[in-house]
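Would you mind keeping the following structure in view while I ask a few things?
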């Protein structure tokens, strides 16, 4: 069951990401990214982080990406044209990314034993709830980061206002 | 049937690398910004997988913070993008090149 | 006072002042001068600085379930950041006068950014580091694009933003892998668990990714590509701020992570830092040679200085921290000073750009030229300036640690650096060709700016002739962070 | 059924449930349209549909056939794939959220709860999440039509939906705090004690939250007085200006399906779900069939009254202006919702 | 009256709006936002017929706009020149099709001036009565469509409920619901049927309660108030300079009503108030028209109460068609009938104007006669045309939704604009 979930949604995520890379219109790229995020939400859920899965859908797909789509629509951004810069980027980008991928997956796979496997029986069949656990940690051990986030959001609001406001 | 954690990690690595590649290859500023989001998502998957492995909720909470930060960054980043579109009427990074020698 | 409040006192003061400034901004009528808000921000910064000084008397404070640790190390950086922000605020008090209509937001963002940087330096929980890093980064992204009518400013902002976020992703990936390898995101727990980790390669990878992430933030080569463009386009006082304060915070974080989090991996990360340091010095200095734009030249120079600073990291354990702290302070004083002069000369429109534009400044404005010249000499590393002792400590630490070749590369680079600094200096004192002779006519050095110049010049001079005071503070802070003392339990078990 | 494994039984029953609920929802959508037209007609001194079948009861069928047989126009300069995808997203998102709604009392057959397609422990968040995905249908339809009115409509809709989602989500926090769970069954159970008086709306002190929810939900579903995205007097038909035939029908159905979802959520969260308003005053029915059907009756009754309220509001009030809508959402609903959370949590903390 | 200021610029045309947009797109001003040109109409639900507006909008804010008219052009003015004088009357019905009898009155007054006809008092009172009923009719359609534009659907149907009663009255008196042609040169076309006055009285007595009903739906509704208040402002000077008349002008603080200031058809014998406001926004226009409806009801009741006895047409056998009875019994009448129908009646050469306070504002008819039986020129000046010119002043810098509200508050009829 979990393997099936992983294979289906993992492949979906990879397909979405590759489509994201290949599409040339920002809207299409954004939609592929949404597919990736939704499949990741399912994977989170399959890893026992169901609250996180919901947050992923609500925050990422439902708010952040909507903003992206909104801006693409607002600016009416068209397809990207190929310039000489993009060709140079291909020479740097593809090998670089491949190198990162090879390095990372080599480390992950060689250490595969140490990581072990998922144990999901109680998560999928049961309706256990990790929200209480999350709030315990979030509002006690990590209270300060939580509170400081408000400064972060304040900065972001202030910045969005500063930058997007029209100059009189 | 269980899945080795390393599969999740490799999946995250795939997504991260695709994110890096598109960050370098894409020419549209909005798409470049989206590739950063893809990278952050990959990192989030890594966090969740490790949180599951260690039975530590901290990993999940880290993801929450990443989401919050991503949302804040999106607000600011898109505001910058709108500002740049107002002054330059383009979103292609190769044409945003006033700053050179 | 509860330890929680005490530990966060400077940050709390800064945040409250920032909120006050932010709220006051829209209340003030549109045409009115925003100077009072700037003064309020300056007072807040001063108060935060004093609060940090006050914390020094309490030894090491752990607060908020051990997410932050206030010790002499963090106080050192708090004071440094407060001083940088103070000078920046002073020099930009008149910068926006009559140009941008919402200068209050500039002051508020600077204060919030400072909050983030201070939090970075005192947190021992990577989550907290991350949040602080983001606060400081996001506010500097916005500050870089504050003159948004100028196309170059928004361009600088977007480049800074995109590459900064890119680096953040790497930094985060590093944290994720560290978490995977050790099961924690607390720096002390990481260092404890590293000994028993089943996945040492993962830890090493995480360290590499973290160094990449921070390398971007401190603009060390080869992660420096954004620096010249961003510095050239951003407003001069903001460049003064972001070339020093966030970098200082990022260096502090790197120190904490490397020295208290991963001390057992020292040989491996030291060689990585070795390469980055050598590359940064070389790339920065060679790049600076080719520049005509002064801000761009100083951008390359800041890359080079990041390289010098990283040299100190290779001197593990104690020498390195002290010399790194000292160098950060010296670099901050002279660089902020240089940018303050540039702010005064260029004004809001920044129409004095290239080295040629500066020619003849000494004739029209002898004092300004002299001060700028002094900062340039310090950047070269001439004796009796802060730059000299900074370089001296760094290179001697590297020699002590046995990195002879690195010291040699550094010294060679200092030689190269002379050329471009002296080129600007020569330009200052040369006769001006008779074109556009009114270029310097609009310059008025206001009282706050003069104060800022005095502070930076005095600091640079003081660090050059009487370094002991700062050095002892740096050594105290080193003692707080060195692998032995940061975590006494670990120490005991070894 | 003994030769089937548990999993197979679960699968068969689940598919059966999904099919039945889907058919019922779609029928309900069709008849909500009729209900609206009839009710609106009566409120406006006219008859409403009365020609097709007795009392116009076959009108939805006629409408469906008409829409189905109409020519499906495709604008030339549209983004074809997205133009087709948009109504599909809109309708499927509208229908999926019904999946987590428990519409009856717990009634198990072969270990499977019959009156609830899936009982997820974060059911409420699932509904919120799916609602937030529904924006894409609107956003993409406006953009892909390559029509200025459609684009304006979808920009309006997008910003409106994201803005009001905040107030909507926050208005529900009080209820969640009281129930201590995000599971819809738990939330319903927390109101089951004394009928009417333990509903969140009345006994739970969440009446402010209810009204915030009401207004935010009207805005979320783009209904009057928040129907700016399709304000025909300003934007012709807003985001679905270019749509015709079945694709238009899908948007139309999505709107009404969303109304039903919103009504279901209101019923579950504020009106005690499928429980009886009379609490224990009514004798417990002895027959198991009645015991199973009675809660469904209550549930449907509550949803029905909520829908009538929807229609009544539409007949009564004019439309907001865009800036007024935004300031209403951000400057009024949001602070009030936050205050409500603070008050609720204070009360809970002091009591607990 | 204040000195009339010249408008500082002529209102832009479509070309100007398009050029503006072009300039904003590729202009030297880098900060200017991207604007969008949209076409509202001629097939748009809220442009009251076939008005076409070209709007340049920045987001939702109107940067510049221009109305484009002519989609309902029927050439009525030219057609009039080919008709006998009495045949022009049905044509005037179709100008402002919401108040045909007012059009008839204005035309009749102008021609009567040329002919120097004495109109019997009863005819004059009937004209007043039906003119005011027409005002009610027009205002009801205005209220309904205005409310519908702003999203209050129900009001529309309520208004049409009362309008239906009015249309029945018109049908009873003229045989037609809309194109009544009731008011003719020299009087009115026929005696009102028995019992009609009672019906009208019953309607009028009931009507104020209906106005209360509309107000209960709208007046206290915060959304309605917010949508209307401080929207579509125009200064008193601009309003005068642009030639705005009617309720829109009175809402701008100019106390000007032809019924009182230049009475015609014995309006001077009636007691009524002229509501005036100085707010000059859509809300003021709404309040003012509601007041006007109440005043109209009073005028109608006075007309019913004091309706004099007597003839309903002037005593001018060469101009007025004889009634059927006379025609069948008297040779002379038959000859007159034959001559009027086949060759019309000659009108002394000269020119005349008439001014009438219609529901939308001042309505002028200008008739030139060359001494033949067909007019040399008939020109209609309707308030709608001039009022529409004020649209740009009222909407510039406002939101798109305000344009809709302002159009509703101007109460235009495209038939009266595209003659």
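Letters are used for the chains, namely A, B, C, D and E, taken in the order the chains are written, and counting of residues starts over at 1 for each.
The rule is simple: a residue touches a chain if its C-beta (ideal position, glycine included) is under 8 Å from a C-beta of that chain, and two chains touch if they have at least 3 such contacts.
These numbers come from a predicted model, not from an experiment.
Most remote chain with respect to chain D, judged by CA-atom centres, is C.
Using the mean of the Cα atoms as each chain's centre, the chain most removed from chain A is E. Taking each chain's centre as the average of its CA atoms, chain C and chain D sit 53 Å apart.
With centres taken as mean Cα positions, chain C sits 26 Å from chain B. Here the CA centre of chain D is 46 Å from the CA centre of chain E. Mean C-alpha positions place chain A and chain B at a centre distance of 7 Å. Counting only residues that touch two or more partner chains, chain E has 30-31, 33.
The residues of chain C that reach two or more other chains are 127, 131, 134, 138, 141-142, 145, 148-149, 151, 157, 180, listed in rising order. Counting partner chains per residue, chain B shows two or more touched chains at residues 9, 16, 19, 23, 33, 49, 51, 53, 58, 61, 65, 69, 72-73, 76, 80-81, 83, 86-87.
Note for the complex: chain D touches chain A at residues 79, 82, 119-122, 125-126, 128-133, 135-136, 139-140, 142-143, 151, 154-155, 158-159, 162, 165, 169, 181-183.
Listed in rising order, the residues of chain B touching chain C in the complex are 9, 16, 19, 23, 29, 32-33, 36, 39-40, 42-43, 46-47, 49-51, 53-54, 56, 58-59, 61-62, 65-66, 69, 72-73, 76-77, 80-81, 83-84, 86-88, 96-101. On the chain A side of its complex with chain B, the touching residues are 1-4, 6, 10, 13-14, 17-18, 20-21, 26, 29-30, 33, 36-37, 40, 43-44, 47-49, 51-52, 55-56, 59-60, 63-65, 67-68, 71-72, 74-75, 77, 80-86, 89-90, 92-94, 96-98, 100-101, 104-105, 108-109, 111-112, 115-120, 130, 133-134, 136-138, 141-142, 145, 149, 152-153, 155-157, 159-160, 162-164. Residues 127, 130-131, 134, 138, 141-142, 145, 148-152, 154-159, 161-162, 165-166, 168-169, 172-173, 175-177, 179-180, 183-185, 228-229, 232-233, 290-293, 296 of chain C are the ones touching chain B in the complex.
Against chain A, in their complex, chain B makes its touches with residues 1-11, 13-28, 30-31, 33-35, 37-38, 41, 44-45, 48-49, 51-53, 57-58, 60-61, 63-65, 67-76, 78-83, 85, 91-95.
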